[in-house]
Every structure is written in C-alpha cells, then in structure tokens.
Amino acid sequence: MSPPEWLEPNLRPIQKDGWRAYLFRLMFQHHKPDERRFDVVLLIAIVVSVLIAILDSVALLHVRYGTYFYAAEWVFTILFSIEYLIRLSIVRRPLRYALSFYGVIDLLAALPTYISVFVVGADHLLVIRVLRILRVFRILEMVEFSKEGSELMRALHSSRRKIGLFVLFVVLITVVFGAVMYLVEGPEHGFTSIPRGMYWAIVTMATVGFGDIVPVTPLGQVITSMIVLIGYGIIAVPTGIFGAQLIQSGMEKRASRRIDSTDSCARCGEREHLAEARYCHCCGERLTVEAAE
Amino acid sequence: MSPPEWLEPNLRPIQKDGWRAYLFRLMFQHHKPDERRFDVVLLIAIVVSVLIAILDSVALLHVRYGTYFYAAEWVFTILFSIEYLIRLSIVRRPLRYALSFYGVIDLLAALPTYISVFVVGADHLLVIRVLRILRVFRILEMVEFSKEGSELMRALHSSRRKIGLFVLFVVLITVVFGAVMYLVEGPEHGFTSIPRGMYWAIVTMATVGFGDIVPVTPLGQVITSMIVLIGYGIIAVPTGIFGAQLIQSGMEKRASRRIDSTDSCARCGEREHLAEARYCHCCGERLTVEAAE
Amino acid sequence: MSPPEWLEPNLRPIQKDGWRAYLFRLMFQHHKPDERRFDVVLLIAIVVSVLIAILDSVALLHVRYGTYFYAAEWVFTILFSIEYLIRLSIVRRPLRYALSFYGVIDLLAALPTYISVFVVGADHLLVIRVLRILRVFRILEMVEFSKEGSELMRALHSSRRKIGLFVLFVVLITVVFGAVMYLVEGPEHGFTSIPRGMYWAIVTMATVGFGDIVPVTPLGQVITSMIVLIGYGIIAVPTGIFGAQLIQSGMEKRASRRIDSTDSCARCGEREHLAEARYCHCCGERLTVEAAE
Amino acid sequence: MSPPEWLEPNLRPIQKDGWRAYLFRLMFQHHKPDERRFDVVLLIAIVVSVLIAILDSVALLHVRYGTYFYAAEWVFTILFSIEYLIRLSIVRRPLRYALSFYGVIDLLAALPTYISVFVVGADHLLVIRVLRILRVFRILEMVEFSKEGSELMRALHSSRRKIGLFVLFVVLITVVFGAVMYLVEGPEHGFTSIPRGMYWAIVTMATVGFGDIVPVTPLGQVITSMIVLIGYGIIAVPTGIFGAQLIQSGMEKRASRRIDSTDSCARCGEREHLAEARYCHCCGERLTVEAAE
C-alpha cells in the first residue's frame, strides 16, 4: 500500500542542478547525512517554538516573560515563513505541494501569528505547529520505524470499513439514548437538550464519566446502567477488529516469507516449500530455478 | 449465516406487474439505480427530520424557530405515514412486514408526533427515527460493507454464549458489591439503597466513575479498590472473546480457502483434502491435477 | 482440566435406594427432567428472595411493605434452612459437602436472617443468596454453556500466572505513586494518607476517575498524566494475555481435531493426516488401523 | 533475549572460598534452600517496613504509634544499610553492582530515613523500598514464573517501537486538543493554560475523566465528544499491538517446536526443515529417521 497522493505528492525540483536543486534535496528528502541534519534542526525549531507557545499560555509566565515569548514567536514565525516560501519556490509544481498534507501544515505553522495581529488570542493556535513533528515520521520511516509504522497503518487501513460501521453504530446509540435521557431526566437534572444528552451519552459510553451531568431519577439510573453495559461490551469491538487485523497481516507476512505456494515440484507436485528450498522436501527432486524463485 | 426471519422476512409484492410491483421494487429492493435513488432520498429525509427533532430540543432554538420545527415535524410525519401505508398496501402479507424489525421501526418513525397531540413531550421521541438509518445498512450491504458487516455479525453471533455468561457474571458481582457497599457506606454517604449501590457498582466496574456517589469510609475505599481491580481484570474478557472470535473466523475462512472443499475425489467423491494432498486420504486414489489445484 | 475438589467434591448418597437416594438425585444431580425441575424451582426461589432483599433496602418500599418483606424473608430463610439440613442428611460424608464451595454458599444463604435477630442490618447480607445462582451454571453446564464456560475457565486458568504477575506489578506501582502523590499534593488537597493516595492511584490507573480526589498542583497534574498513560498502556496487558490464551486454546483444539500428528504412514513416513484419513494423502498407501485411530 | 547489563550485571564474589563467598552466594543467588531462605527473610523485612511507612502516614495512627513507627523505621534502615554495605564489600567490582538496577534500589531503600534528618517528610519516600520486592521476581524466575514473565517481557520488548509510535501520536493529539480547548473554553471554565488543557486532554482521552475540569460551552462539548471518540478508538491500538505480539510469539514458539531446528541434514548440514520434510530441501538428501523425528 503506497501512501495516497495528498499525503506524499510526487514532487520534483524546479531545476535539476544548482542551488535550488540542492535546497530541494535538503528540504524534501531524508536519506543523506546533510538532509538528515536539516531535518534535525527543523525538528528542534518546531519543538522549541511549540514549547514557547505552551509556556506563554501560563498566566504567571506570560506576565514575567511575555515580551521575550512574543519576540521568539515572531522570530520562529518569520523563519517558518521563509522556509515555506523557499519550499514553494524550488518545487516544480508549487500548487501540488501547497495543497498536500505537509504543505497545508507548513502554512498553518506560520499563519496564526499573522492573524493574531488582527484577532486577539489567535497566536495560541501556534501549537498547531506541533503537527509539523509528523515530518519526523518521514525521517524515522527511512531508518527503523518504517516496518512498524507501515504495519500499524496497514492494519488501520484494512479495518477502516469495520471501524466505520462501528462509529455509525455508536452515533445511532448516542442519538437514541441522548433523547431518552433528555425525556427521562429533563432539564432540571442537567439534560437541558438532546445535544447535551448526546454529549453525556458519548462521555458515558466511552467510560470517561466526568460527572458534570449525572442521572438522578431511578429510571435514569437504570437506563444509565444499560448504556454503561453496552459501552462496556462494545469497547471490545474496535480492539478486537484492530488486533485481529494486526495478527492476520502478521501471519500473512510470515506465511509469504516462509512458504512458496505458487510453484510446484515437477515430479510429485508438492507446492509448499521453504522460500530458500532447492530440492523438494517431499520427494527429493531438484526444484527448477523458476520454482525456487 | 442468513439473517433471522424477523430481521429479513421473505416479502413479496401483491402484484407481479403494474405500478404496485414497481413501488415494491423501489421501496423494498436495493440493487438497481432507481431503487438506490429512492433509498438515498429516504436517507436524507430521515437525517433531516432527526436533526430537526434534535435542534428543537435546544431551548434557545425552540423559542426562535419552534413553529418552523413544528411544521417540519408534521410534514415529515405525514410523509413517513404515507410511506408506511404504501409499504403495507403493496406487500402480499402486510402483517409479516408490520411485525418485522423494519416494519416496527417504520411505524415508530411516525407514531410519536401523533401521540404528542395527547401527551406533552412525546414528540422528542421522534429521534427514534434515527433507527431508520439502519435501512442504509441494507443498501450498503449490497455494495462494499457486506463482507465487513457480516463478518462482525458472525463473530458477535458465535460468541453470544460466552458474552451471555460474562453478563450474568457481571450481574452477580454487581448485586453482591451493591449490597456490601450499602451496608458499609450507608445512606449518609449516598448509598441510599441496594439498587443505588448496584448502579454505583456498575458505573465503577465499567470504569465510568461519575463521582456522584463515592466511598468515604476507609473500608469502603478498600472494597472499591477491589471492585476496580476486578473490573479492570474482566474488561479483558469481552475484548478477548470477541477478538479471538474475529481471528478464528478469519483463519477458518483462509483455511477453507486452502483446504480444497469444492473439488472431489474422482473415485469416492470425498471433498475435504489437505491442501498438499496428492492422493485421496479416503480411498487412496491419485487426485487429478484439477482436484489438486 | 477437571474442577478442583473444593468446587465439585465427589459426593455420594447415604443410601443406594429409597427416598434419601431419590432426594440426593433430585438435589445434587442435574440430568433428568425431574432433577431439572427441582433446579428451576430453586432458581426461582433464589431470584425472588434476592429481589425482596433488594427492594426492602429502598426506604420508600421498606416503609410501605416492610412487614410483608420481613415475612417473606423468614419464609425463604426457613425453606433454605430445611433444604440445607436435608442436603446434609442425605450425603454420605456431610462435612465434605459442608466445606465445599456450594456447601458454604448454601449455609450463607440462610445465616444472615438468623444473625439479624441479634445484629441490626445483617439481613441486608441476604443478597449473598444471589451466589446460589451459580448453581445454575451446573445446570447449564449440562446443556449448552458447557463448552463456552469451560473454554473461558481454561483460558483464565492457563493465564493465571501472567495475570498474577500483572496484579503484583499494579500493586507496586500503586504503592509508589500513592506515596509520591501524598508527598506532592498533601493532606490539604485530599491526599490525607498513603493508603488514601493508593486508593486514588488505583481508581485513576483503572481509568475510573471518580473525581473525589484530584491533583491540584501543577507537579501533581504532571505525575497524574504519567500514571494515566501508564494505566492506559498496561490496560492492554490483561486483555492481550486473556485474548491470546483464548485464541491459542482455540487453535490447539482445532488442530487436534483435524490432524493426527503422532502416527505416521508406513511407506513414506508422512505424519500429518486428517483425523478420518484411511489412505496416506501423500503416497496413497493404506494407513494401518492404528495409524487411522 | 537475555536481560540487559544494567538489570543483571555479571557479578562475581571477591573471594572464591571463605565466608565472603558464602555470603555472596546467600545474597546474590537464588537456587539452593539456604539462598531461598535468605530471600524470604529479606522479602518479609521489606513488606513489613513498607507497611509501617504506609501506616505512619495515617494521621490517627501517627499520633498514637508514631514513636514506635519511628523506631522501627530506623531499625529497618540500619539493617538495610548494613546489608547494602555487605553486598558492596563481597562483590569483586562494587561499582558495577552499585550502578546496576538493584544496586540503586538497594541504596534508595535506606537513603530516605537519613535524608529525613535534614528534610522534613522525606521519610515518606521510604515506600520506595517496595521496589525491592522486584527482587522476588528473581526468586520466582527460577521456579515457575520464569516462562510467563519472560514471555510477557519479550512481547513488550518486541512491540516497543509500535508502542513508542503510539505514545508520540498521543502526545501530538494532547498538545493540539489542549490548546484548542484552552482557546474554546478559556480560563473562566477551568482551562487556565495550555498545560492544564493538556492535562485535561490526557485524562479525558484515557477515559479517566475526573470531572475537575469539564467543558461548559456547546462547542467545547462537541470537541470533547470528538476527543472521547478518538480516545475510544485508539485505546484499541496498544491492546491490539500487545495481544498480537503475544499471540505471534506463542505461534512462533509452537512453530519452532514443529519445524525441526536442531537436527541437521547429514550431507549439507541444513538445519531448518518443514516438519513433514523427508528430503533435505537444500541438497535433496534423504533425511534420516532421527532427523525426521
């Protein structure tokens, strides 16, 4: 399963040689040492800028170091803006990059600061920069997390329909129980509307249970017990789906590694051989090169 | 596993030709483009009518748009009533349809509005219409969700006894701990009766933990820790049961693909052979290449 | 795996014939129709008596129907006492029965009422009678739940050591984090002692989260996040252990049903055959009776 | 998989014979009866000393028995200090022991009492002694828990990268939703800063839901529903990963039992054959009966 177009568009440099080609290699590829070094520097810049945005939201720190944070915010924003513009200018089809997943993320990493000039508080959205860390996955992908990551992704991808069905089922239950609890408990016990009842039903079914809204009437508590049991039962479903998928893809991989199941022995017709087999394990016949392949 | 009679009764049109047969095809079947188009229109009507019922429950919106919502409610109710009557009139055995799962749902989709003329608040039950969305499953069933849905259903069906045992076990624990906590904590700490203690035990065991009733005495907290650990332990059970079932049915499917179960031995007709079999395990006849394939 | 001695002691009637042997058959066995009928009557008596004990704990009902409940309590208690005495008198070794699991449960079913004469409130312990419902498992065992129940039991039994290790691990974490939170948050935020901190740690790790005690200091919240993530991570452990056990025992069962792996073909030595095989699937040789067995 | 160096350093006694060698055997080995007896005494001392530390934190008990607890604390501390010094003095390379996992734990078991002379409250850290119980695993390891423990460890070890990816993913979601909720709900509803929003997001996603901070605005509640559903969905991931790992390692173990990996082909020495192989798949040599066995 190769990643979809929007996640990894087929980008090419605007020039084959020269500094633009060099920058393209540096910014968009992750194999060679210097490309890696760029990724690491970018990663550090992202983490530091996100940390600053987080710390700035703490009232105490904002009062004391607010001006420093403000300056750092702008420095990082300008850096990321320049980076974004360079990326745009060295790619052959800039729009394809701009509309890809990472293109959008790169833009969002700079935007909030500019918006905050007009809208107060918008700079807190800077933490969205944290999504740029996902770029790191592309670095890791090359090294060691490749196998694991793609395995998890494949398992999620294969079970997406089962999970979709499950989510639809959860939504139906939520609507029905949200309305029932609205009728049974009523606004005087916190269930002020069906949407609020649905919020409560989701929070309860997922076993979060904040306790901000609770059933008070005996009937409401009986219905709650039912919802809880249903939630308890169906929490098994996504776990089972995902786990089963992981195991099956694992077994298929191993099976395909060990056993050659398409070519058969010319003499006895035996079809299952170890992948590296040169002689039939059943009759001792030399396997042909095609069969061994 | 074919679906049970009450879920999918064997319905036939009252006439073989004519407009009634056409309507029957339109309303009860989901294969051809025009049948699909009817389903999609119905789906949109259901979603819109449910959304209106939900929004109407929000006090603010009710005050402002209440009359529009009221009108829309009646329009949809009359539409669904007509649809229900048509369905009844074009089926050969109307009672069989009326008593089937979808027949009951279709009736319930219209009823609350009529009841609300006599009973205040009954119209909030309109959200029960959301269950009509389940009809969509029948559309989807034909296309892509077929395999996934039936796989999940089969896994649930196969493990229904294990899950039944599990629920019985949970109920027993609930009763015992509900009574123990009633005795230990008593009414002054919110455990006003055994049923209330049972409600608390379920909410706690399922790890929801609203916090509306909490143990206050040290002994009560020790017992709570025990209940929590038990709940933590047995949450594994339904997940394990369901996941195991999913995996096993997956393996069986694969196994049945590999063990050749359609081609039979030319001499004795035996049909089940190991995938690698070259001789019939039953009569010793050499299996033909076709059978071995 | 046969059940342990304390759960199913090898009981025999005191007489081989006569009414005592008949009563023994009726009360201790669950195969024949009349034995079943006795079990069903007993089951109904248990459920009704437990329901009464539960309803009696509701203040409103106690005020209104208290005397009827009181009478019913004594009727059931006397009935169960007589039953217990009969059981004792018809078994060859009464002590063996009295000390077995069901013997103790049967005694506990009657005791609380007698104790309540001296100790106020003891009659609420009557709900312990609900455990007698476990006897039903023995009835069901004969019919359909046999396979499922024993499968679950075997999976639990096989993974008891893994689960033991897991519980020990959870206890260690609980002690450490309970003490740390006691130091960090202190009595002024509800962490009045290490045992209370441990109660909080268990409730938090198991994702119950009542909210009766919550971290208030920033450091406490950071530590809480860690505990929550640990709890989130290790909730996987018992589920994984149990599910894996279920699947493996399922696979072993299927494997042992399908494939004879001890006896081999006399000619080619092939060892894996379908259980019903009469001829070697590999070379066509007639399998000897011993090999086919 | 042998344990890492820091967990089980290769320790040797400073003398081959004499009382130091005897003490080394007693303190560092766990096979013979007298070595076991030492472990059991140590275990009891640990449990008792931890229990005292726990009970001392209860205000009521501290007032009454504080002086006894204080005395016991010092007795155990001195005992553990002596034990630590002896361990150091009988090992050939003391630093290697001191820096190993158990060496650090052994030191921490005594330290808090000494620190409490200068820093008030430090003695509550004595519960860290509880970690010394982990030594028991080493005893158990020899007997029955060996297989189970190492199996769980291997499964955790094999899936560490998948779990690492998962944790990174959780952290990213936490940061993003923590900031979004800080903006949406704001300080007036308890979301006083982004770190606090992150604390809330973790507590919510892991389905703990204390209820100390809850969304109040409708938009906040919609976002909360999304977080809850995401948390509900991804709780499947670690469970699936771990369970799948457990099952796969179980299957590999069984497979390796069936695929003969110790006996080798007489001609070419190839060691891995399918269980049913009669001819070497590598050189075509007939496998001897011993090899086939």
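We call the chains A, B, C and D, going by the order they appear; numbering starts again at 1 in every chain.
Just so it is clear, a residue touches a chain if its C-beta (ideal position, glycine included) is under 8 Å from a C-beta of that chain, and two chains touch if they have at least 3 such contacts.
In this text, all values refer to a predicted model and were calculated from it rather than measured experimentally.
Please determine the option from A-C, A-B or B-D whose contacts repeat those of A-D, over half of the contact pairs being identical by residue number.
Copy of the A-D interface among the listed pairs: A-B.
Could you check if the interface between copies chain C and chain D is built from the same residues on both sides, meaning over half shared, or from different ones?
Mostly different residues.
Weigh B-C against B-D on C-beta contact pairs and write down the one with more.
Ranking B-C and B-D by C-beta contacts puts B-C first.
What chain is the most remote from chain D, judged by the mean position of CA atoms in each chain?
The chain farthest from chain D, judged by C-alpha centres, is B.
Distance-wise, how many Å sit between the C-alpha centres of chain B and chain C, to the nearest whole number?
It comes to 28 Å between the two C-alpha centres.
Roughly how far is chain B from chain D, going centre to centre by Cα mean, in whole Å?
Here chain B and chain D have centroids separated by 41 Å.
Quick check on chain A: which residues sit in contact with 2+ other chains?
Residues 195, 198, 207-211, 235, 239-241, 243, 247, 272, 282 of chain A each touch two or more of the other chains.
Please name which positions on chain C make contact with chain A in the complex.
Going by the criterion above, the answer is residues 207-211, 239, 243, 282.
Show which residues of chain C lie in contact with chain B when the two form their complex.
Residues 50, 53-54, 57-59, 121, 124-125, 127-128, 130-131, 133-134, 144-145, 148-149, 151-152, 155, 163, 167, 170, 195-196, 198-199, 202-203, 206-212, 235, 238-239, 241-243, 245-247, 250-251, 254, 272-274, 276-286 of chain C touch chain B in their complex.
Inside the complex, what are the residues of chain A that reach chain B?
By the definition above, chain A touches chain B via 161-162, 164-166, 168, 172, 175-176, 178-179, 182-183, 187, 192-195, 197-198, 204, 207-211, 214, 218, 221-222, 224-225, 228-229, 231-233, 235-237, 239-241, 243-244, 247-248, 268-272.
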